[in-house]
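Sharing a structure below in structure tokens format, with a few things to ask.
As written, the chains take the letters A, B, C and D, and residue 1 is the first residue of each chain.
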Amino acid sequence: MDGFSFSTDVKVRFAETDAQGIAHNSNYFVWFEVARVEYLERYAGGYQRLRDLGIEAVVLETHVRYLEPARFDDRLIVHARCLDVRGARFRYEYAIERGGSVIADGWTAHATVDAETMRPTRVPSWLTEAISAAESWSSPT
Amino acid sequence: MDGFSFSTDVKVRFAETDAQGIAHNSNYFVWFEVARVEYLERYAGGYQRLRDLGIEAVVLETHVRYLEPARFDDRLIVHARCLDVRGARFRYEYAIERGGSVIADGWTAHATVDAETMRPTRVPSWLTEAISAAESWSSPT
Amino acid sequence: MDGFSFSTDVKVRFAETDAQGIAHNSNYFVWFEVARVEYLERYAGGYQRLRDLGIEAVVLETHVRYLEPARFDDRLIVHARCLDVRGARFRYEYAIERGGSVIADGWTAHATVDAETMRPTRVPSWLTEAISAAESWSSPT
Amino acid sequence: MDGFSFSTDVKVRFAETDAQGIAHNSNYFVWFEVARVEYLERYAGGYQRLRDLGIEAVVLETHVRYLEPARFDDRLIVHARCLDVRGARFRYEYAIERGGSVIADGWTAHATVDAETMRPTRVPSWLTEAISAAESWSSPT
């Protein structure tokens, strides 16, 4: 998908549906997280690498637009890109695609924090560089 | 809380925490929903009254700002107000309070749809009136 | 309910339902946990008191029989009793009641462990005593 | 794994962990369900085929033994077999493996019901036959 460096896919679990017969709105944040975890694994040695340094990435803000319902057993492609890495902050943007249509999109804002104090700490330079490398192909020249 | 017609409380369940030792970001949308369900119960005969008419309220958009982490066993007050009821659309705004501080806020946008076709259908007038009555105290004169 | 020292209630959340229109089977374990947490709060100073001592209670085994489905907005009474406290082990038994009928029952087996090593450590004597006092009323004479 | 006709794998999601730093006990039932859904897809045309006939498979009983904690990002192999298909009833047994060790096992009991009335209805013969074919390789001769 245009402008996205990364995608992974999830299948809608039965447990993720609700009595409206569709995936409950709260699951999209879980799928976004699955995408972030795999993004970090692919490009930057995994989320655990951050945790091993005593750093956690916390969520500051989340946003989703639900364009069409997702249903049980749907195979969804979760596109994600990381951007705006500055100091302790960074953002992800997402588009969820099913059969060629975008059925939801959204973004999340994050900060890296010291796991002990929960105070902001700069995104480690190796991570900034890994993100920068991962996203460079999609940058305008 | 200023400007909010309604509040309910939830206690953070252990199952809602994650390996960061805090409530996972996806749960806020469940708590928002708990507040909406109780709001409709208090002011408008319950969500089931809508469902009995073959109407579902779907979620179009969600947004949360996480200001401070919520932790296991925290008692949270979820403030909610319903606004902007127009045609098939309406919105809720929320503030989550713990011990006098707002630790998160957010909003959700919704539409009422026909449960069979999932097509938009006007918010029933009894519901519009119930919301209007519930929220009137907080309106400027 | 006969033989149960404790009960608390939960309301079935919309997010807990699935596309069968009933509460998903995995939620019963969350409700059991809610009951355990409130049980410890009522009788023994709260689960956090254990955690503050560097002790966690882990789940070794779980069992549920689903007799009738639970549905959205049902108010459920979760009855719980703690028994068989021996060494690092203890058990809870549960019955979930709705409108006078038992709709599910089950049990869970637990061990207290050192939070660092995850190795079994005896249930602290104050907790054994608190459980014993809580359950004594229901013992045969 | 000996005696199991089927396996699939899941990766422990961060959202599935709890403040003990391990996967919450309720998720095992979600993973079991993921395995059942994929089992039916591989051998019997998918769970949706049942639903399209107005049949739901409900859960009557669940059991898990937690032998070792599952942790964030663990890749788990969920082994499953279906057995004891009789009338409207059937059972699944499971073993969850990580790196060659079984870290949990369990079973679930089910009934096929009419989706309208929720009354038991025989497992369709095509499904009985598909299960029988799937499991036959593991039968003793």
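We adopt the following convention: a residue touches a chain if its C-beta (ideal position, glycine included) is under 8 Å from a C-beta of that chain, and two chains touch if they have at least 3 such contacts.
Everything quoted here is computed from the prediction, not taken from an experiment.
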{"item": "Reaching chain D from chain A through chains that touch each other, fewest steps", "value": "1"}
{"item": "Most remote chain, CA-based centroid, reference being chain A", "value": "C"}
{"item": "Approximate Å spacing (C-alpha centroids) for the pair chain B, chain D", "value": "35"}
{"item": "Between chain B and chain C, centroid-to-centroid distance (C-alpha), Å", "value": "29"}
{"item": "Geometric centre distance via CA averages, chain D-chain C, whole Å", "value": "25"}
{"item": "Residue list for chain C, restricted to those that touch at least two other chains", "value": "14-15, 22, 26, 29-30, 33, 72"}
{"item": "Chain A - residues contacting chain C, complex", "value": "14-15, 17-19, 21-22, 24, 26, 72"}
{"item": "Partner chain C, residues of chain D touching it in the complex", "value": "20, 22, 25-27, 29-30, 33, 56, 58-66, 69, 115, 118"}
{"item": "For the chain D and chain A complex, residues of the former touching the latter", "value": "13-15, 29-30, 33-34, 37, 46-48, 72-73"}
